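Sharing a structure with you now.
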C-alpha cells in the first residue's frame, strides 16, 4: 500500500497535515510560533488581537485538574499595531499564519482584518466567541444579527479568506452558523464556560472567577457542534476542542471537519503533539486502508 | 470537636445528608429507588415522567470513555398513570421522593404535577432541559416566556414545592433562571449536548446521534451555573453535574448550593457512592472544623 | 471504550446459533458479558462463551440485532464494550451446568473434566454444546422428544442427584430459571443462576435490567440461589422498554 | 490540582527574604518550581529551596504577592501547584553556585560538601544563604562594599578559577545572567543557568515566559550555557504582561 497522504486544503490554503495550532496557546511571540511550525504544526492561528494593548487578567489564569483545564487569560495581546513584528518573525517559517482578531463591533473587526492582511497572514479568524471577557464574548457571538454584519463587513474589506470562530455557549448554534455562513470556513468550537472553586480557601481559583473549559472534556461538545453544522450547512469547518491524538482528529474529520486545531493538548504533550498526532494519523490511515483524508471526511454524516 | 452535622433542608424538605439521586439514573423502578434510599441517598428524584408511556431510544443509549459519559436514553418512562405504583413502593423507605416530570406545554406540566402530588411525592422537579429529545429540551428550557408560564402554572396548581431543572445549553442562563424564579428551588444542571463518533465504524455511537454529556467533565460547567445564578438571585439551588466525591459536593455548596444530586457517579461507584460521599463529607468537615453545612455554604460568593 | 475487533471465524452451531471467534486480550471470567453494538441496528448483551486468550460470542438468532451479528464474516469487525458483570464463583469439585435457550453460551467456559451438563431445547437440532460434555455426563431434554427426555429442563433435572455437585450453574431465560428455582426451592444445594433481562446500558445506570433493586448488569447477572429466593420481582414482574412494570 | 499545605515555620533570612517550611511528599528536584497562589492577590513562580521530605519556599519581597506570601504564619496554608520545570543536572564533582537576588533560593538544595558559592547583593544584610557554605568556599560581593568584594556578581566571579568546577549553576534575574553569560562567553566550562521571566500559566500554554521559542516553564527554567548562547531574545527582548515585545 502506498503511504497515506495527510495533506489537506481549506480553500486556497494548503496544509501539509491537518493540524493547526489553536488561537491563544503559545502564539503571541513570533519566535514561539516559528518554533511550533518547525516542529510539526501545519499552520498557526495567532493569539486573538484587538485594537489596543491589553494585559489580560491577573494570575491565576488557569485552573487545572487533569483532564479538567479551565482558563481565563482575558485576551492579553500587544494590540494590532505591535503584532506585525511577531507575524513577520512567524512568517519566516514559510507556513500559513492565520491572524485571529476580536473587536466589539463591525468597524473594529474590519480595521483589524485589514491590518492583518497587510501583515501578510494567509487568513483571518474572527473570534466571535471568547467566553469570559465582557463585551467580546457571547454578547457578540450569541447575536446572529451582529455576527452576520461582522462577517459581511470583513469579507467586503479583505481579499484573503475569513474564518468565523463560534462559541458552543449558545442556545442554538445553527442560527449563529447560518449567520456566519458568508465566511470561508467556520471554526468550532471555542471554550465552554466553566469555573473551579478551591474548597480549602473557599475561593474561585481564576482571578476572573469564570473561565473557559477546554481539552478532552469538551471533545464531545466540539464533535456535536461540527456534526450539527455539517449536517445542515455546506461550508468548510475546522474542528477544535480536546484533540490530543489522531483518533480525536479523525473523529472530527469523520464529523465533517476539513482540518483541526490543537490547543490544550500542548499542556500534556508539549509542542511535540503535532508530530505525534501526524505520525499517529499516518498509522491509522494505513492500517485502515485510507490513502487520503477525503476518503473518510464526513462519513459519519451519512 | 463534636461530630459534623451533614443534614440540610430545602424549604420544608429535610434531608439527612445533602445527597439526592439525580433524575434518570436508576429511578424508574420502585424497588430500585427504595434500595438506593436504604443504601444512603437522602432522597431520590424519579426518572422524568411524561403524559404517555415512551420507550425511549434504541441502544446504544450510552457512549462512554472514562471520564466521558454521554447518554441519549430518550426519556423512556411508563407514563404518569403507571408510575404511581413505583412511587408507592419507593415511599416505603420513608424518605422524600421527588417526582420529575416533562411535558410539551404548561397544561401537560400541570396535569403531571397534580398527579405526582396525588402519588405523595415531596416535591416535583420540572425537567425543562432534556438536551436530546425534540420538543422537550431547549425548545422549552431555552425560552424564558414558556419557562415562566410553566413554573407559574404548576405553582398555582399544587401545594407541594416545585423545583425547576435548567439546562446549561443556553446563551444566557440567568434569563432563564429569572424566568423560573417563581419555583421553590432551581436544579442546575442537566447534561451538556455532546456526541461521540466511533472511528472504526465511522458512525455516531448513540442511536440518537446527539446525547447529553454528564459526569466529571461537566462539573466546571455546573459550578459555573450555580455560582452565576447564586451571585444574582436569592433562590435555593440544588447542584448537579459531575459529583463523585465530597470534595465535589463541597465545591457546589461553596458556590451556593443547598443540596446536590448525583447521577453518573453510580457508573464508577455504584449505589455505594452515597454512603462514600457522606462519609467523606463528615471527614472533610471535621478536619476543616466545620460543624454545619451552613458554615461554608456560598462562601465562594463573597 | 468500544472494542472493534475482526473475527477469525464464524461457526454454525445449530440452525439458530452461530459462534464468532476472535482474539481479545482482556481478562474475562465465565459469566461475564459484553454489550455488542451492531452499528445501525442496536446493542445487545452477550456472554463470552470462551474466556481464554481466544474469545467467543455464541449468538442465538432472536431478532434483528442477533441475526445481523450472526452474519459477521471472518475479517469483519464486531464492536463491543465490557467485560461487565459479576462472574460465576469457581469451585474445585464436581459441577453441573444447566442451560436453556442461548444460556449454554455463558456456561461453556465452565465445561471441564469435572462438569456435567443438562441441556434443553425445543428439538434435537437446537441442543447447544451438548457435544462438549463427555457422553456419560450429559442429560438432554427436548420439548418434542426428538432427543433425550421428552420434556423441559426441570424434567431433565429430576433425573439427577443434585446434592452430589459442589456447584450447580444455571443460565437461561427468566421463565426457565423460575421453574428451576421453584423446583429446587430450599433444597440444600449450591446453585448460581445467571439471569437474563432487558439491558440498555449494561453499566448500572438505566434501571432497565433491575430486579428487586439489584441491577443485573452490575450486581449480576449471576446470583446465588438464596438471593434469588428473596427476590419479590423474580419471575413475576419486569420492566418493559419504557420502564413500565409488566407481568410475565 | 492545587496543593494546600499548612506551613510549619516562617524564618526571616534577610530584611527582604523569608523562608516558609512545610511537609510535602512530592518528588522535587533542585531547579524545579511551583506556582504559588495567594488567594485574592495573584499567583507567582517560586523555586523550592529545599527538596527533601521537608520543603521550603524562600520568598523575596518584591510586590504585593510576595509580600503577602512572606507573611504566612505557622499553621496557615499556602496554595500551590507543581512541581514544574526541568531541574538542574546533578554532577559528582566540585560545583559552584552563583546566585543573585532571590536566585540563591533555587540553588540552596544544591549546597553540599562539594559546593562553593558566589553570592551577591546590594549590601551585607541582603546576602542570602551565604552562611550555608563553608567559610573558605564562599565569595561575596556587595554593591556598596559593606561585605566582600565591592562590585557585582561578575566582579566576584573574576576571582574564581571557573574551569576548576565540574558544573557551575547560576540563578538570578535575566540582566544579571546576561552579564555572566557575556563574561564567560565561549569559555570551556559546564554551566547551567536558571532564567526568570514573567510567568502566568507555568505549564507551557500562555507564551508569557517564552524566549526564542522555548518556554521557560517547561523547557526551562534551567538551560545549559550553549543553549543560552544561541538565544537571540535573551537579555534583549521579553514579553510584557500583554504579550507585547519589550526591550530590556
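Lettered A, B, C and D in written order, each chain numbered from 1.
FYI, contacts are C-beta pairs under 8 Å (C-beta built on N, C-alpha and C of every residue); 3 or more make two chains touch, one makes a residue touch a chain.
What you see is a predicted model; the values in this text were computed from it and never measured.
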item: Where chain B and chain D overlap in contact partners, by chain label; value: A
item: Most distant chain from chain D, judged by the mean position of its C-alpha atoms; value: C
item: Computed distance of Cα centres, chain D from chain C, in Å; value: 66
item: Geometric centre distance via CA averages, chain C-chain B, whole Å; value: 36
item: Computed distance of Cα centres, chain C from chain A, in Å; value: 50
item: Junction residues of chain B - those touching two or more other chains; value: 200, 203
item: In chain C, residues with contacts to at least two other chains; value: none
item: Touch-based graph of the chains, sorted into line, ring, star, complete or other; value: line
item: All pairs of touching chains, each written as two labels joined by a dash; value: A-B, A-D, B-C
item: Chain B to chain A touching residues, read off their complex; value: 67-68, 70, 138, 142, 169-172, 192-197, 199-200, 202-204, 209-210, 213, 216-221, 223-224, 227-228, 247, 250-251, 254-255, 284, 288, 296, 299-300
item: Contacting residues of chain D [partner chain A, same complex]; value: 1-2, 4, 35, 37, 39-40, 42-44, 77, 79, 81, 200-208, 210-215, 218, 232-233, 239-245
item: In the complex, chain B residues that touch chain C; value: 25-29, 31-36, 47, 53-56, 58-62, 64-66, 71, 73, 76-79, 82, 85-86, 198, 200-201, 203, 205, 207, 264, 266-267, 270
